[in-house]
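Okay, got some structures for you below.
Across the two complexes that follow, chain A remains constant while its partner is chain B and subsequently chain C.
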Partner chain A sequence: MMATETPERHASTSGIDKVPSVVLGVVLFVCSEAIFFSALFAAWFTARGRATQWPPAGIEIHPTLGAVASGLLILSSVQVYQARLMIRREGDARGMARLLWGGIILALIALALQLIDLSGVNFTVATNGFGTIYWTTSILDSAHVAGAIVFAFLVLDRKWMGVIRRSNHDLMTAAAIFWHFVVGLSVFTFLVLEVVS
Partner chain B sequence: MRQGARIWVILGLFGVVATIAFVVLTARFLQAASGAVMLGVFALSMLYIGWVLHSGRHTDPTDQPDAEAEVGPEHIFPPSWAPPLLALGVALFAVGVRFTPVLLAVGGMIIVLTLFGWIVQRIDVIRLQHAAPPGAADPRDSGNPGMGHDHA
Partner chain C sequence: MAISEAEVQGIRPEPVRRRSAWVEWFTTTDHKKIGTMYMVTAFIYFIIGGGLAMVVRTNLLVPSGLLGNYSTYNQMFTMHATVMIFLFVMPMTVGIANYVVPLMIGAADMAFPRVNSFSYWLFPLGGIMVMCGFISPYGAAASGWTSYPPLSEHEVIGSAPGYGQDLWILGLIVVGIGTLLGAINLMVTMFKMRAPGMTMYRMPIFCWTTMVTSLLLVLALPTFTSALIALYVDRNFGGHFFDPSIGGGGAILYQNIFWFFAHPEVYILILPSMGIVSEVIPVFSRKPLFGYRAFIWATLAIGTLSFGVWSHHMFVTGAAYSPFFTIMTAAIAIPTGVKFFNWTATMWGGRIRLTAAMYFAIGFLLLFLIGGVDGVFLGSPPVDYQLHATYWTVSHIHYVLFGGAAFGILCGFYFWWPKWTGRFLDERLGKIHFWVWFIGANLAFMPMHIDGLEGMRRRIASYLPQFQTLNIISTVGAYLLGIGAIIFVVNVIVTARKPRTAPNDPWEANSLEWATTSPPPPWNFDFLPRVRSERPVYDMRIAAAAAQAADDLLDDLPDDPLPDDPTPDGGPSAGSEE
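Let's look at the complex of A and B:
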């Protein structure tokens, strides 16, 4: 679930390398989000540990759409990883944008599948504890996917402004960290809520 | 190890010990899993932050003659009301999914209008940026106040 990007090093005018503010900010945000979601998963495991029947009677879960969405998100993560490599190693902002668009499109399709999947379940957030945690975790997960897409658009915006280049791609690094976190979170959410259930 | 990283690594190692102790001392698997997830994620998060901070190390600047100073505020995304409005729209939309189609519609409308306004605003800025001659002032400073783009 943790991001795997290596933070960039910058030589400041004082001669001290430091982590760029935008990267450090996203790392702190990602870690706080991970701890937040861990509480939801802990609640899920606790509820399941105490239940005599799981999932509760009458609950039906179809993991097909979730599996496709997870697969698409993993592919999008590969795109974003390559986009970062493109600007970092080649300095090719246009190639970075092209790969980032690929990731965005894949994530948009995955997000749509997640919402379709969610709208088709035969229980609501108020049905029982299962429904409460399922809906809360799923909606928040989808919101994070949407957030990652918005973040990617911010990177594209900076690219269109001509700001992002080989020597200044911290925003791309930060977006990649958040993107990989969101994909890991989505896959973990799918495995816990739909496959293990 | 850099001083800033040390406290995070210590917290992370404490989390690792706590996770192992919790799993060993808890008899039931699912209860152990719930605690291990929370403590484990906490430990990993602390270690990750510690690693990130540790990765910035002291060097001689002459080692990296091509390195640039960290970007200044002119490279940060400019202020706008669009993100909080978008958040409001998404929140209303999410609540509407569960409770009432009215909130769903209001949230959806806020999302679409905000995105439209934000994109139009950005396209204008980008167009000005590309049209401006080299060395000209940043077009974001031209005083276009649309969507709260105040650049104060």
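Let's look at the complex of A and C:
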């Protein structure tokens, strides 16, 4: 007995089958990113566990700018969350874009503050283990904030093309997941590197 | 001559612009073409890696070493392992999966075709970066495929590691990103693109092993990327990630991060081959796979346990909690044993057809068994202290990765070649290839056990004279492996000139890829059989055979099949509802 189903029709019965492909892909990517940073934090905690003094003598940390940047990133996350709700519930692509722009601007300011903060520290990558891990983790964290901004621009590009609609907002959902992850990562990085230190 | 609707309406039709074959291949998003490119590129790297192995083995023909330059020898064995692991086995299995997984699950393509293309192009790019080490000052990377600091951290003037080590790091980061994206793509494809009726428990075993492999890549590979970035920062920006004297984490930190990736990596390399063999053995035993669900759970168990054994590579550092990792290492033998039971029980009582693919499947079982058993010895700390840095370990990894992974890959080649090309590989040459490789592998790697037990250290360009005889045998074995590879290439070239005679299902196989043409059309399927078990094509064949039998029966019946009184004793007539 041969059936005549075309390849475009696929079984959608279990829970994971209902998750859009792009969202599932981004969730898996976020998992891999979490593992990537966990190795860097493992290095940080290993170095800290070995140290008799932490931060090492002569290291000065001023968490003010980092705190402001983290606050702005959390606000941007709220913006992106609302942007997704706007398209999902209201189907308002223009409102979504407006909120997304707000998130992008907040993230850009936060990114600038992070870089200013980094340029003002009194140690370099080569100073000691603290400096090496601090600089590497901070730069990679900032690079991820920049990546989230690029992802948001991709969503805006699709909105301008008229692709993003209430019935087709998977890319916005995926971008939001990545955005929230990056903000969580950035806040965690700030707490570990600057506050707990 | 047919007239199109556009012409009827007076509209000049858009001319169909045909792209050249080069442009087509460079820009393709077709999973079959990308899979083919993966396999061809990986095979080229296999030839390069094999050539490096020949240099290594030739050097070891005499105790003092023929190369006369230890730095060159270090580069050769480092690049041999790097090429074979990262540029041959990993991408080759990704290539096979790229080609067959969408076909096996009845999908038209991968979930993200353009990401798939991007993933592929990162692979040759990263590979070229790694290989460029040979033309850089001080040569290629030379600190082993593990690249432990401090050996890999600092430039040694006039010797490796120089810029080649940096190229090694950057190249593997690039390859790793491509592999990670490929793994995510494969997982999403299997979760989202399955044909109607193709539940998870009806997916072919190769899909399951690819799924677990992809999951391992997603969860393990990023730690390696972290370690590589840290190594690069230490080498090029004066960093101290792995320098405890100035507040860093220490060399043991690198080993922990590296092996957290690299032990699952062993399963990343071997699980796809296990899946291939699990597709081949049932087909050529004319039986379903024994214990299909047990096999799946064993695969999941191996994937899970593989994250709990990394420190058994570090027993000799004294920094590993031995009891836990010993127990975990022993435990991982259980699901592996389940799989051996599945394979042997499948063959038991079957009508075995000894094709070249089946030869390689049986060769896989025998050689991987040796590699598995001699690995268990290394899981025991007292034995590991003695054997860790010896040729025993070299023998173990080669039985696993050559006898296991490479035999599995070749098994897949002989099995799916008619599907990929529409042509059969020559069976006689295939069997000669098998025997040359099987004998060569045992000649090359079995004496290494004795070398190791006798205390011959690995990664050393020279050795004591008493080991020479065994080393000569190993070198002869390695040459045989080279000859076997040439036989395979000859087989491919010779059969490439033959006509496409392969039918859709030349082996009377089970999974969906055999329901389409050989080779498949760009859209994969003209129709899909209904999927009601894990063997849909077998079901289709049975249904077709039953329909044919029914037709034959009807043809055999007399013209008047229902006589007035078919039962002489007056009982119920045929067709009555009693």
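Worth pointing out:
Quick note on the criterion: the second predicted complex is superposed on the first by the 180 of 197 C-alpha atoms of A that agree within 3 Å, B and C clash if a C-alpha of one lies under 4 Å from a C-alpha of the other, contacts with A are read in each partner's own complex, and residues count from 1 in each chain.
Please note the rule applied: contacts are C-beta pairs under 8 Å (C-beta built on N, C-alpha and C of every residue); 3 or more make two chains touch, one makes a residue touch a chain.
Worth saying up front: this structure is predicted, and the values here are computed from it rather than measured.
Applying the stated contact rule after C-alpha superposition, one finds that A:I116 touches neither chain B nor chain C. In the superposed model, A:T132 makes contact with chain C only, not with chain B.
Of the two partner chains, chain B is the only one that A:D170 touches; chain C does not reach it. In the superposition on chain A, contact of A:P56 is made with chain C only, not with chain B. Of the two partner chains placed by the overlay, chain B and chain C both lie in contact with A:T46.
When both complexes are overlaid on chain A, the residue A:G25 reaches chain C alone and has no touch with chain B. When the shared chain is aligned, chain B comes close enough to touch A:W160, but chain C does not. Look at A:S38: by the touch rule set out above, it reaches both chain B and chain C. Legend: residue contacts after superposition of the two complexes on their common chain; A:A143 is shown touching chain B, with no touch to chain C.
Applying the stated touch rule to the two superposed structures, the overlap between the chain B and chain C interfaces on chain A comprises residues 1-3, 6-7, 9-11, 13, 16-17, 19, 21-22, 24, 28, 31-32, 35, 37-39, 42-43, 46, 124-125.
Interface residues of chain B facing chain A in the complex, by the touch rule stated above, are 28-31, 33-35, 37-38, 40-42, 44-46, 48-49, 52-53, 55-61, 63-64, 66-71, 75-77, 83, 86, 90, 94, 97-98, 122, 125-126, 129-130. Residues 1-3, 6-7, 9-13, 15-24, 27-28, 31-32, 34-35, 37-39, 41-46, 48-49, 118-119, 124-125, 135, 139, 143, 146, 150, 154, 157-158, 160-163, 167-168, 170 of chain A are the ones touching chain B in the complex. Residues 1-11, 13-14, 16-17, 19, 21-22, 24-25, 28-29, 31-33, 35-40, 42-43, 46-47, 50-51, 56, 124-126, 128-133, 136, 140 of chain A are the ones touching chain C in the complex.
The residues of chain C lying in touch with chain A in their complex are 106-108, 111-112, 115, 180, 184-185, 187-188, 191-200, 218-223, 225-227, 229-230, 233-234, 237-241, 243-244, 246-250, 253, 256-257, 260, 523-525, 527-530, 540, 543.
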